[in-house]
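One chain, chain A, appears in both complexes that follow, with chain B as partner in the first and chain C in the second.
What follows is the complex of A and B.
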């Protein structure tokens, strides 16, 4: 409904303005969004001025022969506006292009993924969209700086020029787990996202066995990935004991960095350990 | 002429007649149930005695079933009922005996062996249990000696549990459109193999949760014909362990009835994963896994709950591989007894006879469900 009225008014005025002969309407060709501007209306008497644009319409009663001033902030949405002057003498029209303001005021920053394993090249992507204070996309090229920082790794910085209002980049995940800050910056405007870098697959999975209460007590060494990060608790470690054509299997979650389980003691049994698709060592139980 | 009143009178008369017939000549089982007497199974033969017992169990007439037993002095009526319906909530607690078969094994003048095969209807489908019964002659009647399996009772105690749990907070509607949401868990299909069966095409495979957070998973597959047209889409339904902890692997099986492998040009696999609140317990040990050759090829073993929390329903999935490590079958079984701490419960997964010869190794996983919200 809001858009319907301006369109209706514009349609009616375009039809009547087509026949207007006088050239007393002086409209600036372009202005910046939010800037103050004025329109000169020649002639004498009273008239009504309409400015119709995207999502906005302004109606103003004017005295012909005077400049009509619009204060800063009157027109905020960038786009093509049509200006109509309706008076007893007839209708006139002009056009006004409102451009985005040059000064960036806001950044929309999309960072993906929010969680990924360490030591992956080009796995983090960031895309930034630059807006002015009226939420118009600034299409004029601007320099956007992207920073990925982690207390234990060197900061990665890329500076990218926007194209059609957008800039994007790719970053590597660092070797150390933790919550990295991914910042997009343009001038004083910043937007921050958190990228959670988590340990990768276990590396050099190793278990030890000892006899305890008639059972085999199995325990892994602290489980780490290939960069030395501790694999998080809850990760499943599978112990498999094979003996005389039978097997026992148990999926054990890591607790405090290690997986522990007691399994039946069978002389000659072979015990193996794995986590996901990563295999660890094997133990032959001869006691 | 309006025939309405005549039709109404005719229907009323027919209803009264049918009610009268049902009351005067009731089915034998209903008559027995309503009068407090025994069912039609005559105790004059061993099979009749077992038949009668089966009818009593089906009607949940525990008092009469218990009263008919020859060895009731060895256990209480409550123990007899618990033997059949469980002391702890599990699949059998909410099951009904659908059908049963009585199969005589051998008989003498004074005793007999009879097998009672009971088909229970449970919330996850039929469950079969078999009891080998000893039947003895007592006077002119035969009576069943019930082979009681006393349910182990966990003594009242407090078990300290220091378990891991993950909870999830998603983004809210008020967040900026560029704001991040929590990332869905990363999962990967690590194995997939189509198998042509008489009933249609079956896709077998394995799915790995390669992330550091728990995942709710499922797998869908779309068969695409050689001219690149989709034939059919199906999902794994319950032939998968839906909850995967970090680095855990589940097998999956997707059935395409009435589709032949020769019609298929390619398969589009769609693994699905979403974050889910989960706990790392209970830990279930699978002991004494054994591949039993044909006939009656199966994978048997026992589940032992290593935690303090009772697991009410357990779903065991077996992945069977050939010598080259290719998945040749995925079988499953719901265990109908609750898993009590440190109390082994047997499982038995059937392997199709024609595939049993190919099976060289297996891998078993178990997922459990605990009543009361946690899984």
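What follows is the complex of A and C.
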């Protein structure tokens, strides 16, 4: 009984001054999730007390005329509860609202996409829901900080107030490829996601040509996106040779950042290079 | 803002839902002031609200029959876990409850940018009847504001957060 006393006192601190009374039943109007509380049941004799809600149900045999104490942690799920007291004298009821605890303990954080090209505005989104230690959604406004960082770019930080427990943000992808950390933070609670930023489309293309063994040996300069990141190997570069009314096209994947191909040498041929929507230089072969 | 279009569309849906049969709860869907960058199409809003209302029927059946397995049809995650735990508590205590929703006033609050959650508020009126060993203990009329988060699953939206707030 001595151990229960501090819990009861703690419960009394968080109880609303108002309470729902119905005859002999005196129920606190609101408590915080997980807090200790007590319900007064007047009268004499035995009765059964029920606390009924979709998220929790408690049934307790009680002695009328005494306070029924519920230690901390008895009712952890936020929500609206109906309290029934059933005795030989009849049935009574009251209501109890359990509010989420104020201290955030968990975040649900979804970041999209997990992989995207560099240098896109507003392309990364994050949404977070804030919970207490009983997994109740904390609906009071809270400040959630979103941070997107990698070692080679300045950290982007947005601080957003939750509305009805939810907060969201949009971030730009950074200029440099790599794995960015996307962190949602509230107090000491953090949740981290990795956003893989890959080079964008080639920014420009330049090829060089030389004669080799009766053919034209073509090779591009290292192919980079507009932020200077090397475009990944495997990206297709298309070489097209036009000669009289003949047209030959060869798709070549980048290897070690460059594309290389040998094409038939025809005097007067025109050779062009392209990758995606980017058109490179054109060479006229006069040898 | 291009949000105005889907908002009015959702409002139009209110009329359609309110035309349910007499045994169904009355339903009103308020025009929303959505936060978030993603447009909510009328079809999506309609499906989410419809699935949410059906989740109430699932809840009622599962609670009255003490069958946690039924919850799977309308709930997922934390909401399903908490409701299933309640049903187990009811089974142990030898009680069951009957939830009868009478009216809903639904407002869509948030559509997450990734499209993976819809949050809504519902000012709902319902009756709770408590039975102990099939003996009626009492009936209480409840008016509460529920905050609900739905997430899309294979074929329907399911309730992931189901939490009443004091009004």
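Just so we're on the same page, the second predicted complex is superposed on the first by the 265 of 287 C-alpha atoms of A that agree within 3 Å, B and C clash if a C-alpha of one lies under 4 Å from a C-alpha of the other, contacts with A are read in each partner's own complex, and residues count from 1 in each chain.
FYI, a contact is a pair of C-beta atoms (placed from the backbone, for glycine too) under 8 Å apart; a residue touches a chain by one contact, two chains touch by 3 or more.
None of these values were measured; they are calculated from a predicted model.
Chemist: Who does A:145 touch here: chain B (first), chain C (second), both, or neither?
Modeler: A:145: touches no partner chain.
Chemist: Could you say whether A:251 touches chain B, chain C, both of them, or neither, answering first, second, both or neither?
Modeler: Once the two structures are laid over each other on A, A:251 reaches chain B alone.
Chemist: Classify the contacts of A:40 with the two partner chains as first (chain B alone), second (chain C alone), both, or neither.
Modeler: A:40 sits against neither chain B nor chain C.
Chemist: Touching A:110, do we find chain B (first), chain C (second), both, or neither?
Modeler: In the superposition, A:110 contacts both chain B and chain C.
Chemist: Looking at A:157, would you say it contacts chain B, chain C, both, or neither? Reply first, second, both or neither.
Modeler: A:157 sits against neither chain B nor chain C.
Chemist: What is the contact status of A:260 with respect to chain B (first) and chain C (second): first, second, both, or neither?
Modeler: It touches nothing on chain B or chain C.
Chemist: What is the contact status of A:233 with respect to chain B (first) and chain C (second): first, second, both, or neither?
Modeler: Once the two structures are laid over each other on A, A:233 reaches chain B alone.
Chemist: Just to be sure I read the superposition right, which of the two partners does A:270 touch: chain B = first, chain C = second, or both, or neither?
Modeler: A:270 contacts neither chain B nor chain C.
Chemist: What part of chain A is shared between its chain B contacts and its chain C contacts?
Modeler: The answer is residues 110, 129 of chain A.
Chemist: Hey, which residues of chain A end up touching chain B in the complex?
Modeler: Going by the criterion above, the answer is residues 108-111, 113-116, 129, 191, 193-194, 198-199, 201-202, 231-237, 245-253, 255, 261, 263-264, 275-278.
Chemist: Could you please specify the touching residues of chain C with respect to chain A in the complex?
Modeler: 35-37, 59, 63, 78, 82-83, 85-86, 89-90, 93, 95, 97, 99, 109-110, 112-114, 116-117, 119, 121, 128, 130, 132, 137-138, 140, 142, 144, 147, 149, 161-166
Chemist: Please name which positions on chain A make contact with chain C in the complex.
Modeler: Residues of chain A touching chain C: 29-30, 48, 50, 52-59, 77-80, 82, 84, 86, 91, 93, 95, 97, 99-100, 110, 112, 122, 125-127, 129, 135-137, 139, 163-166, 168, 170.
Chemist: Looking at the complex, which residues from chain B come into contact with chain A?
Modeler: The contact residues of chain B facing chain A are 162, 164, 166, 176-178, 180-183, 190, 208-214, 245-249, 280-281, 283-291, 301, 306, 362-365.
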